[in-house]
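Look for chain A in each of the two complexes below; its partner is chain B in the first and chain C in the second.
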Partner chain A sequence: MSELQQTNPVPATAKWKIPQEFLTAKSATYCALFLPLAALPLLIDSSFVYHIAILVCLNAIITSGLGVIVRVDQLSLAHGAFAGIGAYASALAVIKLGVPFLLSLVLAALAAGVAAVLLGRLVLGLKGVYFVLATFAFNELFRMIMLLLPEISGGTNGLSNIPAAEIAGLEISSKPGFYIFIALALAATLLVVWMILRSPIGRAFDAISGNLPLAQASGIPPRRYQILAFTSGSVIAGVGGGIMAAYVGFISPESFTFWFSVNTIIMLIVGGRYSIMGPVLGALLLTPLPEVLRSTGQLQQIIYGVCLIAILRFMPGGVSGLIDRFAELMSGRK
Partner chain B sequence: MSWTLISGLTMTTTLRVRDLRVSYGPVQAVRSISFEIEPKAIVALLGANGAGKSTTLRAITGLQRPVEGEIEFEGRSISRITPMQLARAGIAFSPEGRRPFGEMSVLENLLVGAHTRPRDVAKKLDRIYEYFPRLKERSKQISSSLSGGEQQMLAIGRALMAEPKLLLLDEPTLGLAPLLAREIMRILREINDEQGISILIVEQNARMALKLCDYAYVLASGRLTAEGTGGDLLKGDYIQNAYIGN
Partner chain C sequence: MKKNLAALVLGASLLTAAHAQAEDVLKLGAPFPLSGPGAAWGTAVLNGVKLAAKDVNEAGGLKVGDTTYKIEVVAYDDKYSASEEVTVVNRLLSVEGVKFFTGPIPSAGLLAVQPMLKKADAVAITLAFTSKAIGPDYPGIFRVSITSHEMAQPQVNWLIKNVGVKKVVGLFENDETGHAMEADTATAYKKAGATYSSEFFERGTVDFVSLLTRVLFKDIDAIELSGMSPTTSGLIIKQARELGFTGKIVRTGGPATQEIVHVAGKEAAEGIVVHAPINPYDEQMAAFIARYEGEYGAGMNGFAPFFYDGTRMMLKAMQDAGTVEDPIAVRDAMAALSEYEGVLGKVSWVGEETYGINRQISVPFYIAEIRDGKEKVVATCNVIVCE
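Coming up: the complex of A and B.
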């Protein structure tokens, strides 16, 4: 737990001005919404609910990473690959080297980060659709390389029997234990993302996506900040991948296909890409949806598609856009 | 060129453009012009539409590479500067007129302006709010909801946050009501007086710019056709010639 506790406390420096900015109507609304919701699985205490809640948190962490990348106006289709890099790095470290779970997550972050810097330097000069295509190609490349290296990746069979997560000698393989861990990990992720986006770095991200020529004239080097956003977002995906490997206990190249990336994008757009809580909302709505719709059989995909189109058509800011408006109404601002 | 002031300090010319030639493919937009901005001066670059004013500005700010010529800022060549290096060098410029970072609040816009010089932000903000009380009133408002005049104030305020030595303004009064335009000109004079920032103002609105500036250059078809103090040019018919042709 020591890792988490280090990232959790609010820094005391006056620069961040946390009390002022934190006590807004918006954050109050989100707290009122999410704190009871986060406690719910503990009250219901059903294995199925825990499972869904854990997947929601996992998807929310990975989608939060994509949310950072999207801030600089780049859409990455390689998010699945970075989750995969993190998953393989942490699983291999645990299996082959006997590294403790939390340290394996640090290695997952490092591996995803190094890969993101290298790929970012290569493709971040590309604009719009070319960047998207290049990241798509990278995702496929990752999958194929993993398939071609069975002695490392286990090939098509993947890596199974990944040991259960263990923190300070305390095994958290039980569902409630893992749920508490991943909920804290999600909270830490959101706090880190919030701190990045509230800092001058986040302002530079927004400046680049808001008005690129003016950002440059203000002395902001776009490439450097785009690589920074791409790397931090991919690092978050890598950590998510590492957590996923430990939870599921099995990974294969097919776990991190192009569709993994697409699903992440859908969660982000549905939840709202302008808000820090957007990824959480997206994961919350879309993770259980296939389970809920399972009884409808073939209709499942159609209903899923119609829901998506409706959200895109009527809520361009995603669900969080709706909540923001509600919060503004409550605080009496127009 | 440098000259010695009475105090004995040597001061270099703030901006010096020599034999600047800029083409867009076969089209010559600027044909060999030279001009200078002295420290703490307000200089106007005037001319009709298509005279080459904006092209000159694009060359100074590194958005358009000149075919020929030398551009110096405080004695150092900036002919090959990129727009990104301008702010660090001490030149403030809004490349798309007054268009702000639309999704950001007024305050956030100003903070981005301080990106290269993040010290003493509170002090700088106070001073800008003194010049433009309207910006203080609207500091939390999303900047895309501001009026044209307010956006121009924000553009100037954001430029000041970078503590520039030279402020480049492209048509700051374009589309503004005369009263508001005069108000902005008055504040520019105040900023120049109090902070000693040199200002290069590119304007179609010649009369108003001539009243503001210390010295002006008149462009027509990519060449300099007249120069002089604002008062001198207001008296002569140089301006009519430049705009209407003779």
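Coming up: the complex of A and C.
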């Protein structure tokens, strides 16, 4: 925490103290919740529990990216495409060029970032439903292009047998190894998002989302910050896609349909879209849920839908809203 | 006191019996699409697998060496999605401890889990149409369906000669399975000298009016449904007939007659020429169909007997190998089965020339015409010719 304060350019004014106090109460609750949960797969030591835990972390990373984009009041339906761009960039770099895994993730971030800047400059002037539609179209465009370029993307056959992740000559294809790696990657992602959102940049995001004309009048250039948020979020999705390719070992254009984006949105809304921990909570709740319901066949869709409606009806601020309330009660602030 | 003691002894013996029984259960993994557009196939093949397990269980179980096993089918829904398939197969391998799989059936799903199955030396049967489904790299995977690669050319040749189709449009789902079938179907029509073009749509689409309107403008005399989802085929037939299309509708891909008649209705389905993997008038097959319908109270999809025979062959291979613990021995025993007497007739494995390994099922198949909601076989085929 102290290191974070040192790297933060904002002086420790009275304004900073309030969020810090707020964070302490919340972070204690989150630590009490997440640390035992994070250790759980290591204690149970079952391959399937590791698999689900890895998927939770992966979904949480990708959803965190969307959480940043939502901060500037834009809902992207192209998140699947950016995860796909990252996945293909990373997988192709490893397969065709023999690039090390970590470097392939940097390339995934770069590819997603460049695509996001280009798309962002084109569509971020659009508002509301028009932006949603434009990003939806981009997601479909990406999928179609991948289908039409079989020599690069493997076409409908996709890319299979993607080499397992290797860090410093150490293969982390084993589930415990990959889990530790992805848990650390998630922690790093959350830290980066936290740093962005607690910096003046994050406050500019909030200003744009809160009152755009006022933000403009205060000298905040909205386009620049919107592109920044869109790019940062999409870069996170790209890195998530790269990790996914290495873990699953198979990607195809069908892996990144607009349903991918829709599922990410659902996780964000259920978890809490204005909380840094919201994506983690959303992924934590909705990733294992289909496993519980899987053997119910056709019924599972209905049960899943009812669960979603119940969560949205009784927890409009998402699960993080509930935890925030609990933290307030614990700290005596009612 | 005596009563209590007796109860205790009875309870203990029951527990012991239950324990002994629990030890002798053999689990078969069944990762199938049980919800969404692929559910019709998933449910049909699952029923085929369950019927095979039921038959073995009712006959006293599967005797392998000195142990008799009760067969348990563990079915999970893969939602026809590659990423879900990874999770489901993972769960079956590591939580359920399954070594023998009666799926997956979607091409993308199978491609995604091939390395995982290989790593576990698992034995699996599939109907995935992709040419990469079977091969020397994955000796544990057996394909128990005849794909468009095997059946497109003889069927198309027969259609052009006997039904007189010349200008054809093929409709396909825009995914791995659809593109694999499109390649084989387009090649077959072009080779047979027909004027042919393909159109793709998204899997799960229900409104085809705009697509069909565009297609019908091409002045065609036949629509080819190839191996698309059964319910989707029914929807397309219904909407094409409603739009006034009176030409031929043909389906050279997997079986779907029950679903077509159910969705499109008898009237719209009348005269449609379909691929039939089975001959329902064959005595043995007719008995199987009657048993299936009695068991599940629904018409049988043609893939069900393939999975019935596939499962029975896998179980036979375990007996031949004398083990359920060594999947490699079971795999080799399964590959060695030849002229196996199944409900499909004599079943063998071929494919060395095309795929580099004999893991492709070889059985006769048929062309049928739908008459009053039922299939009437009009030609019997092998991979060379339909007569």
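Going forward, the second predicted complex is superposed on the first by the 310 of 334 C-alpha atoms of A that agree within 3 Å, B and C clash if a C-alpha of one lies under 4 Å from a C-alpha of the other, contacts with A are read in each partner's own complex, and residues count from 1 in each chain.
Basically, a contact is a pair of C-beta atoms (placed from the backbone, for glycine too) under 8 Å apart; a residue touches a chain by one contact, two chains touch by 3 or more.
This structure is a prediction, so every number in the text was calculated from the model and none was measured.
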{"item": "Which of chain B and chain C A:295 touches, first, second, both or neither", "value": "second"}
{"item": "Contact breadth on chain A, by residue count: chain C or chain B", "value": "C"}
{"item": "A:174 touches, of chain B and chain C: first, second, both or neither?", "value": "neither"}
{"item": "First (chain B), second (chain C), both or neither touched by A:48", "value": "second"}
{"item": "Partner chain in contact with A:211 - chain B first, chain C second, else both or neither", "value": "first"}
{"item": "Touching partner for A:199 - first (chain B), second (chain C), both, neither", "value": "neither"}
{"item": "Which of chain B and chain C A:221 touches, first, second, both or neither", "value": "first"}
{"item": "Touching partner for A:157 - first (chain B), second (chain C), both, neither", "value": "second"}
{"item": "Residues of chain B touching chain A in the complex", "value": "61, 63, 82-88, 92-96, 99-104, 108, 111-113, 115-116, 118, 158, 162"}
{"item": "Chain A-touching residues of chain C, taken from the complex the two chains share", "value": "34-35, 39, 75-77, 81-84, 86-88, 90-91, 93-95, 108, 111-112, 114-115, 130, 132, 174-176, 178-180"}
{"item": "Interface residues, chain A side, partner chain C - complex", "value": "46-48, 51-52, 55, 147, 155-158, 160-161, 248-250, 252, 254-255, 290-291, 294-295, 297-298, 300-301"}
{"item": "Contacting residues of chain A [partner chain B, same complex]", "value": "200, 203-204, 206-207, 210-211, 213-221"}
